[in-house]
Structure formats: structure tokens, C-alpha cells
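In the two assemblies presented below, subunit A is common to both, partnered first by subunit B and then by subunit C.
For the complex of A and B:
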């Protein structure tokens, strides 16, 4: 069952679609249930769809109307948000913005005119149901032939399953922000550093970080999870079959609550053909970092008659997910060597973190290392011409000198946002009509996150005008990486490629950097806009976007 | 795919045909000086440019984004084919006849072309192609076994296939081969 799980799910979904009336609409029935999630090590009660977590893979066709009946079998309200889908705002599934939510026992019918194709996912937008297991995948078949060929495909959905419930995790983080951060520096580290750099330098460096109440290893808020692939832990070994020489399409989805993964398949190069559901000009890589809520579709061509490991190490190296690609059932790929050394943030990563850090004295701070970057726009894409075509190109989406810059485990190519170019631009190029600055802010001591220093409940909505092209300027004044997600409308990430800038729904902003994206405001209504790290979103890193003007929106409600 | 019978015989056959080809074919036809190094020792014969008079069949090849309209080409050993190639896509594409190894090394060359600005996704910059890469190598696509076409353009290749070889036709623009823009040449003896 496990090995043919995806095939079974797809067959089931196709059968459901076939039974629906006519070829114009596909109908799905989803129930939201309490489920047991068994990772082998731990058994927890979580939330799933149709009795399982992850939920099923829904298969839509571009051009049809997808009808999804959602029945809530929980004792609390629920919702489903279709991540990355362009649809009428009342169908977007955010309680308090799109609709009131789905009460216990109620059935809500979503009607979505499908106007796109690619890999997407869906999840609850209520409480911490998504970290607790309420997520599933969406495949939308295109109307026209895709610009790449493959012989078979698999959804590969990543999750950071924690033994604690989402509610419990937030309570602990509020009480003690480093509750789940295990990789703290020890006395042993101190002695090593003294040996390397001398006592004075080491004391001064520790003092700098200490005075900020920051830890250099503070890359992951929540450690202690088990990495899952398609709901299975490394021991449970999800396996996808292939015939040697076949082209296999892997639809990677990061459905995690808080964790970024560095993904590689030792022995296989991956050709990235889609990012966030949109075709990109194909680029060959050995490894890529997938933010929370992002998707990447890659083509691999395993040629040998052996098992290959699909390996995803968390960005902070505290956990990993593992699965196997094999020519036959019953095989398990060899586990690659783990990289256990946590990356360390540098002063460059704190380039703009001068804001509210919970302390007063800034005198002891050594800006030496950040001198090239602080206050400057050094992290803007497209500025690094010094290494054209030769040698290593610094990734412009990380602060110069950042400790987070990823390096491929085999020394090969690591994907950068700078490599993403639209295969076919979705919008004509034109200058933005105005710029809106969004400073990503937070107070680690109180575990409170915000935008422009203001939490969601205290903030005015962002008002956009239908028909304008707004340029968002994200300035990350925190030490953490934030995947920013705008609902309902595409974000054109500025990678310096002009009309070839890629179109995404989730954009990761690294510490100490400024990133720009543009949005053609072409969908009326009200939309959520937030950091997709669950506990950041919950504590205030969230805004409502109101689109003023545009066609009058009819009062769509339950199933109309 | 016809199998090679023995290593020795293969090498004997190949070296004979290589010497034969070098003696009979004009210099530019087999491998232009610019690409000589890239293909290393000619371990496999891929055929020769053909003469219009010998053409037995015409095969139309359509390039789209990013695939060819056919997956395999079937030819008889020694047959001369006229290929009429049209780029109906919005991107630059190549049609190149060779072995998988040749395509792999050509992909590296085309990656370099992009990095040096000689090739955009939808445009070929002829002036940059003539740039000297050092040791007399240029990036000009004047090999007889391949054409590089901008959107909307057409070209012809007349090619005489060898008796026996494992050949592929491919587009070596970065990323296209991996996306499936290639196919096998089936040689019927």
C-alpha cells in the first residue's frame, strides 16, 4: 500500500472525477477528521483529510470548474485554503477574510474555476490544524502540452511533524523562545574558539551576540521534529518506482509548519522545470533549498538499476526527511552522510536588525563584518558582475558574508532564486505604479512577530487599487528567514531578469536582505498576506490586503 | 539498436571509415576546426554531410518549446536524408545529430555561449558568436550536423547516415535535453 500509495490515490481521484457529471466539472468530497499520525517513533493525534494525513492528491484540469465538498468532522471550526490558486476571494478559505469558516458538522462547497496548471497544495487556515496534519496536494493538468517530457511522476510532500501539538508549541515558545532550539553553543565550543581566536576576541564576540539576546545558531525556531515525505518517516521509507532510463517528474511540496529543507538526490542531477506551479526555463542543479509553502517540480533520469535516496536536510541541520526511488519494490536506498553542523549566522545576517531587540545598549556591537552591507542595497539581485561565467557566483539573495548561504553537499550547483527565469512571462512588463515597503520585524524575547513593527490585530489593512502594479519592498530586519505569501494574486520576484522574472506565490526573504516583488492587482476582494512560518503568522506577521475598485464581486457563499 | 559485435572489429571499422571520411570529405564538413577539440578522439562515426542527388527521403522536423514533434527517426544504414527543420517555438532551439557523449560536451559549450552573451533564450547574437574563445575556437554554429534556429526560422540538413552507430538527435540549449528535447535515431541495417 505504501509503495503504490500515490498511484492508488491518483486512481481514486480519477475515479471520483470520472463519476462527476460532465467533463466541465470535477467533484471531490473531503472530510476533515481527527487522525492518528504514526511516524514509527511517535503516535500522535492530529488532523487529516478523508481519514489520513497527508490528505489525498486532488487532480484538477485547467479550464474546468473544480467543486469540492468539505465536511467538518472536528469539534472546532475548520477551513481549507488552496495555496497558490487564483480564484474568487470567497473561495480562498481564510476565516475572517474570505468567509466565516466551516463549523463542526457543516459541509461547505468550494467552486473554483481553474485557470492555471502545475503543482500546488491545500491546507487548513484555522488555528494550528495545518502543523497538526491538515494538508494535501493538488495537481492541475495543463490544457496545452508542457515544455518538458516525463514518463512518470510522483508528488513528494515534505513535512516537519512534531510530537507536540501546534497549540502546545506556541505556548512553549511564548514562555521561552529558545525552548525548541537545541543547537546551543556549549562550554566546549567556547574552549575551541579560544584556542582558534584567542580569549579576548572570543569574549568580545560572545558579548556582541549576548547583548542582543540572540544566538548564532537560532536558525530554526522549532527543532525536535521528524521529517516526513508523503507522510512517512525515514524508517518508513516512502518508495517511488521507476524503470531505468525513464524521465521521472518529482513534484516537491514543502508543507512544513516551520522548516526549510535542502533537497538532493545523490547520484542524480535534477532539472528544475517549475517553481510555485509556474514553468521556469529549465536549470540543472545538484541541490535546492525549498522554503515553507514553496513547490519545485524537477525532472530526473535515473539510469542505473539501483535505489537512489531522496534526501532533505533541514536548513538548521536538526532533522531530515528520507525516501527512496527504486527500480523494484522492497529496496531502500543508502542513507547519505548527514551534515550535522548547524550553520552559524554572521554579523552580515544582522545587517538590518537594529530595531526592537529587547535591550538598550548597542555600544558593544561590532559592525566590522557587516560594513560592506549595513544600510546598503548590497543584497540586491543582479549586482554581482564580478564573477561573470567563471568560478563561484555569490547568491545575491543572501547578505554578503551570510552564514546561511547553502553549499551543495557534493560541491556541485545549488539552486539560487537568481537562476529562476519564467519560461513564458505571465504578464507584460511595465513599470510599477507605486512601491510599498514592508519591514519584517519581530521581538525574539517575547516571541512576537510583526510587519513594520505592528502586529496584525493592531494594523490597518494594506489597500491596493484594482489595475495598479504594486512593487513590494521587503526589508528583513530580523535574524530569521521568512517565506512571505500573498493570497490570490501572483508575486513577480525581481531577480534582475526584466521580463523573465519568475512568477511565484511564496517568496523567502533571508536575514539582512531587501527583496522586491511586483503584483498586478487583478483580483478583486480581500486577501491574506503573511509569513508562512506558522508560529510567526499566529503571533502577528500577517496583514489583510483590500483591493479597491474592480468588477463588483457577487455575494458568493456556500456552494453558489 | 544494432549491437556492435566486438571491440576490435568496431575499432577497425571505425578507423577505416574515419580515414576514409577524412580522405574524401572536404575539411569543413566532418568537424569544423572550432569544435575539433571538443569532440576529442573520434570514437564513433556519426555519418557525413550528404549530396542532394542521393536524397531518398525528406523528414520534416518541427521544434517547439521545449520538444521536437517526433521521438524517433528511422533510417536505413547508409541512407541520405533531407531534414527540413522549422522552429515553431518562441525560443532558440538546436537540431543536432550525434552521439550522447557528443551532445553532453556540446551542452557545456552552449552553456558557455549563454554565459558569454552569444545566446539569449530567444535570440542568437551572431557578432558575439565570432568571439575567439582562445586557441582559435569560436562559438559559430557552422557544423554540418547541426542547425541553431531563432523562432520562426527554417533550415535544411542533408545527411548520410553510417552503417552502424548509436545516434541521437538533440537540442543542446541549456536545460532542453534534460527536459526531453531529444530522440533516438534507429538505424535499420
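For the complex of A and C:
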């Protein structure tokens, strides 16, 4: 024991020496504070950093050691998780897994050897502090030149700011799962459908969903939010300045608790150059969907001397965020027309291969919950095909016939996961050593969410072996979309492009689909793995991942 | 340098050593609580009798086990007496995707004879969105009875909601002291139009309710000179916190 201890100290000292010669330390100070969040319509008490929500943009440099002193000025414990950063697990900031948390009045020093570059973000991993405002952005400057050019850059952080606190939202959802769903089908919709499809077909369609006790409108659990961009509501109009012809890099981060956004800048083509902090081969799009916790960097080149809107409508069309790109201060872009028609789930989104739903009359539905574009489209009476990408190749990351398939507002190109190709492979390609199936499960009526039918509190950790490459098979058996986030190690999303598969930290799995990702298990320690929708994570769609073997892992005491 | 260099990571992982308190804290199940007044209403009958009626519910517990209080009452505002005053305390646990089982005690303390009951039941969501609450009771006098409550929310709009409801009571034996005869004893149907004024927390409504007693139970009422049926106009407020 004693010898091991001395060895450890020696190794530690050597490593310290190596680090201190090889990299510079940069110190950052963050306080965690109660703040007032003013959206123009509502003023609520929330949680922020350095006196504001969102917190500051931290600028790290690849190769440095970032030293961040976090002082908790709250009356409750807190934590900061560095979303997407590859770091020693004790610095990952998940109370109960990485460390005990930061008590009121305490200062915790995070020490992060910065070994990557790109756009990331940070947020509290304690309670509902993140929905309540505890988030900020991170830009890591690369050591080498980037494979694209830009003249200026802005961080564009999206947030679904709700007037209710996170605690209250979860309690309301538990009492009444459709508490916040104001997009439900009504008598008027019924009459419209009878007019369109006839009484028999309408009754039979309502009956099919009613027998499952599921709602076609169950797309956004928590409506009633105001979309914020960099902390500002549509009325407050955050504005980024540009000079015509300049190339502007926009670093989009979705720091929302629950809301996916469809982002566009009418009048400008966006070139996606980075996803989740990793460079991708440039792809030109008119619109993209950003899952909760994802980041996308796009480059735009406004040519005219006019204001352009940055417009982000929520996936379920219950809210939006708006900001302006302008050549001068004091301009507000014209608000694009809202797409008021809300998407609706279809039987395809239900997977139909799962559960105890005896629907023998649905021949012709695609029963394969696999992410393929094969299979015929559904023939449910009353099914709405109008919002599917007709004419274009169907997006394989949605169930065939899904009601969630996005279509660009201008009829142009909508980004798909299938378009993402790594700029430079991060890892050598090799076959996975094994596959782990993770069925995403839940019960909307009970508002409880789980993995393989087991909630976090009842689950054994997922045990991985250091040095292996695991293939995760995500089978979404729920009717909701889940952004799955593995801490500490990259998720290589299988888009069928071999070594060019994009490398991400958050992977969205649409209802009724199966998605694969691979992870090189190259970080020892204990990590969190969860759905990033705050209230799904809190009610059980969460696992601890234990990486066994590898370099000796010791606990770091307060960053020393 | 993004390529993972395992050796270097190994070095930095061993960066520091030191005794440190255990961080393996177990994840405790979350505890939830809530209060709901499904009905809290003023009733005026076709014979101008005035009543205050409530049907309330509060719970605390986890996904697996909840303690629930259910309180129902009917105060006759003309006679200043409790026609009905029920309090139930039950433990509730899931038995299927959509249904919970519950069991506990019910204490009735209206004006007139009091009763204690043991109770078991199920509560949940039936296909086609019918909310169902079905209970069996055995009283201190050994008399068995049953109650079925069914409710449906019809969305005229996303805030204007029409709720038909139905309740039926049956007794397996007669309990003369509380004026309940054997067989189907009473039923009530209601139709309430509500508006979600503030979220789902404060929801005013208006509606109609019709109640009647059957068989021997109706005869007992007639014998006492009471009505065995009544139609009410109701105005009330639904609450949820």
C-alpha cells in the first residue's frame, strides 16, 4: 500500500512537471449567483454565473491548462459540468458521480487540461439549476489553423426560458403529464378531420391513438416558454453586427432544458462547419434542427446592407427565438412568418414493432424501427403526409412516415445527420469489440423515463473496459425524441460513412428509430450518460458508466 | 492535438492523490407531492336547495409508493349539515402501465351515523382516455359496497374543456342506519364546462349535475320525506397545486 502510494505521488509529481513545462495555465473565476432573468414579459429569479444568466463565454486555448475557480454563492449545493470537454473524470462536475458537488460558500477549483478545440458549453448538473438559468458558453481556440475562414464570430445560445421553476415544472408534469401541452387536438380538429377524411376514418384514427393512450401532439412536454438568444427574448432582439461581404461564424448552442429548435436565417445560406465542437466537411443548408445540448457552427456571408433575422422555431412550433444580424446598431430584422401548423406524430413514430399494441389492421406500416429509408410509408387513415420531405430522399434518421421530418421553410436544404462527415477522423477505424443495446423507454402518463425499462435509481452502472470500442445501439421505444449525452468520451455517430462518421457528444434519437454510435473507451473513471431533456433525465433516463481498468484513477481533492 | 494519446492521459489521470470522502452516494428516489380539488362547487337544485360540494385529493410519495388523502363532502347550506363527509387515506402503487392499486381506510363523519371502512381499489387511465377510479369498501358493520367513478375531458379548445362524469354506488347488503339499501344505491352524472384561467392551477367552471337514489335506498329517502333525485346547476373552481 505504502509503496503504491509513494509510486503514485511520484507519478503525479512527474505528470505535474510534464504538464507545467508543456502547457500554460490560464485562470478563470466564476461565481454562481441568484439572478433576475428579465425577458421583457416576465421577471423571474433564476441562477446565473458572475451575476448574469446566461453566464459568460469562457475562452480557452487548446493546449493550456484551464484553471476555473467556481464560488458557490447560492444557499444550495451546485456544480458545473463542461459539456463536451474531454477531461479527468473528477473534473466533470456531476454530483454523486464525479465529485460531491460544491457546497454553499465553497470554492471548487476545476483544472482542465484542454486537449480539443471548438464550441462547447457549461451548465450546472445539480437539481434544475440549468433550466433555471445556470448555463454559459465555451470557445476553445485551436492550436492549428482552422480549415475555414471567417471575419468575425458570435456565440448564439438558445434557451427555452420558462416562467416556472424547474422544480415546479416537474411536479406539475408528475401530477398531470399534459399540464403544459397546449397543442392538443380539439373538437375543432375533429370536425376538420371528419370533413377531410370522413367520420369513420376519423373515429378509427382517434380510436387507434386512444387505445394506446398516446397523443399525436406529444412533441413538446413543456410549452409556454420564451425562446431566448444569448439571454434575450424576441422583443429584446439580440443583435450581432457585420459589415456586408464579411464571413460571420455563428456558434449555435442549444442550452434549452427541453426544446429542439429549427434554425434558419432567411436570405442567407448557412455553411455548417462544425458539430458538437468537431469540424465537419462543410455542408450548405437553409435550415437545421438543433437538439438540446448540441452545438453547430455555421458560416454565413451577408452581402446586403440590411438586417437579417436569426429565427429558431421550436420543433413542436409552440415557441420561437429571434435575433438580428445587422450592419448597424439599432436595427431589427423583419420577423419571418411563423409556421403555425404543428407537426403531429404518426404511427411510424410509435415504432409499431414495440409494446402490446395489437394493431393488425396496419399492414403496410414500416415495422422496422431501424434507421433505414426502406419500407413503405404508412397508410393510416388521416395520416398527414404533407410535412414530409417529398421528392427528396427521406431522412434515414426519422422513421419512414414520421410526422417529425423537418422541411426547410423555403423548401430548400434541411440538414440531416446523414450530411455530417468528419473533417478529419479523430480515431483510426476499427471494428467495435461489442455492442450494448440501450432501449429508450418511458411512460408518458406517469411521466417516468428510463433505459431498458429501468430508472436510474434502480439500475446497475454500465461497465466498460478501458481500451475497448463499444457500439451503442439506441432503440427509441417512446414517442419522444431523446438527445443522449455521454460524458467524458466521444460518441461516433454511425451515419454509414466509415471513418468519416461524425464525432459528437450528444446524439438525438427520433421516435421509432434505432441509431448506432461507437465510443473508444479511452478515459478512465466514472461518467454520466443520459437524456439531456432535463425532466427525462431527472425522472430516470440516466445511467452511470464505469470505465474499468486503464491508468490508475485517483480522486482529485478540490483540483489539487 | 485531438488524437487521443493514451499514455499522456494516463499520466494526467495520476496527477494527484489524496484521501477523499466517498462520493458514491446512492441515488434516492424522488419524492413528489401535490394537491388537487377536482370539484369545489356551489350547487343550487331545481328546488332551490343550496349545497357546497367538494372532491379533493392530496398525495406525497415516490413513483412506487404514494400516500394519498381523498376528501369528499357535501354540505347542505339550508340545513347547515353535512350530507356527506368522507376522508380516505390510502397507499397507492403502480400495478400496470396505466393503473395503480390503492388500499387504506375511509372515515365517514356526516351528520348522522359515522362509519369506518377498509378500502381497496384501482385508479388509472382506461383506453380512449377515460379516467377511472373504482373502489370496494367494507364497513365496520361488515357491509360491503362499491363505487365507480368515470370521467372524460373533452377539449373544445385547448383551454375550454367539457367534462362529462359518472359515478355509481352499489351496496352488497343493507345498512339501514346510514340509509343504504342492497343493490345499486345511487348514481350521479355531471357535465362541467371549465376554462383554464391560470395554467391548470385555477380553473373556474359551470355545469349541471343530476343525482338519484335507487331501490331501497330511494325508498328510505322517500320514507324520511327526502328527495330521491335532484338536478343541480353548479358553479365552481378546480384547483391544482
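Just so we're on the same page, the second predicted complex is superposed on the first by the 497 of 560 C-alpha atoms of A that agree within 3 Å, B and C clash if a C-alpha of one lies under 4 Å from a C-alpha of the other, contacts with A are read in each partner's own complex, and residues count from 1 in each chain.
Please note the rule applied: a residue touches a chain if its C-beta (ideal position, glycine included) is under 8 Å from a C-beta of that chain, and two chains touch if they have at least 3 such contacts.
Small disclaimer: the values here were computed from a predicted structure and weren't measured.
Engineer: In the superposed model on subunit A, is it clash or fit for subunit B and subunit C?
Structural biologist: fit
Engineer: Mind working out whether A:314 is in touch with subunit B, subunit C, both or neither, as first, second, both or neither?
Structural biologist: neither
Engineer: Is A:149 contacted by the first partner subunit B, the second partner subunit C, both or neither?
Structural biologist: A:149: touches subunit B, not subunit C.
Engineer: Which of the two partners, first being subunit B and second being subunit C, lies in contact with A:50: first, second, both, or neither?
Structural biologist: neither
Engineer: Which chain makes contact with more of the residues of subunit A, subunit B or else subunit C?
Structural biologist: Answer, by number of touched residues of subunit A: C.
Engineer: Please work out whether A:273 is in contact with subunit B alone, subunit C alone, both, or neither, and reply first, second, both or neither.
Structural biologist: First partner only.
Engineer: Once the structures are superposed on A, label A:552 by its partner contacts, choosing first (subunit B), second (subunit C), both or neither.
Structural biologist: So A:552 only meets subunit C here.
Engineer: According to the stated criteria, A:113 is in contact with first (subunit B), second (subunit C), both, or neither; which is it?
Structural biologist: second
Engineer: Quick check on the superposed model: minimum Cα to Cα separation from subunit B to subunit C, whole Å please.
Structural biologist: 16
Engineer: Show me the subunit A residues, by the header's touch rule, that subunit B contacts in one structure and subunit C contacts in the other.
Structural biologist: Touching subunit B in the first complex and subunit C in the second, residues 424 of subunit A appear in both lists.
Engineer: Which positions of subunit A touch subunit C when the two form their complex?
Structural biologist: Listed in rising order, the residues are 5, 8-9, 11-12, 14-16, 18-19, 62-63, 88, 96-100, 113, 115-117, 143, 170-172, 174-176, 179, 182-188, 207, 210-211, 213, 224, 424, 426-427, 443, 445-446, 448, 455-457, 467, 520, 522-525, 538-539, 550-557, 560.
Engineer: Which residues, counting only subunit C, touch subunit A once they are in their complex?
Structural biologist: Contact set of subunit C toward subunit A: 1-4, 6, 9-21, 23-25, 27-30, 32-34, 36, 63, 94, 97-98, 125, 127-129, 154-159, 199-200, 240.
Engineer: Considering only the defined contacts, which subunit A positions touch subunit B in the complex?
Structural biologist: 145, 147-150, 247, 269, 271, 273, 281-284, 299, 301, 388-389, 421, 423-424, 500
Engineer: Which residues of subunit B touch subunit A once you look at their complex with the stated criterion?
Structural biologist: Where subunit B meets subunit A, its residues are 64-67, 90, 112, 115-116, 121, 174-176, 178-180.
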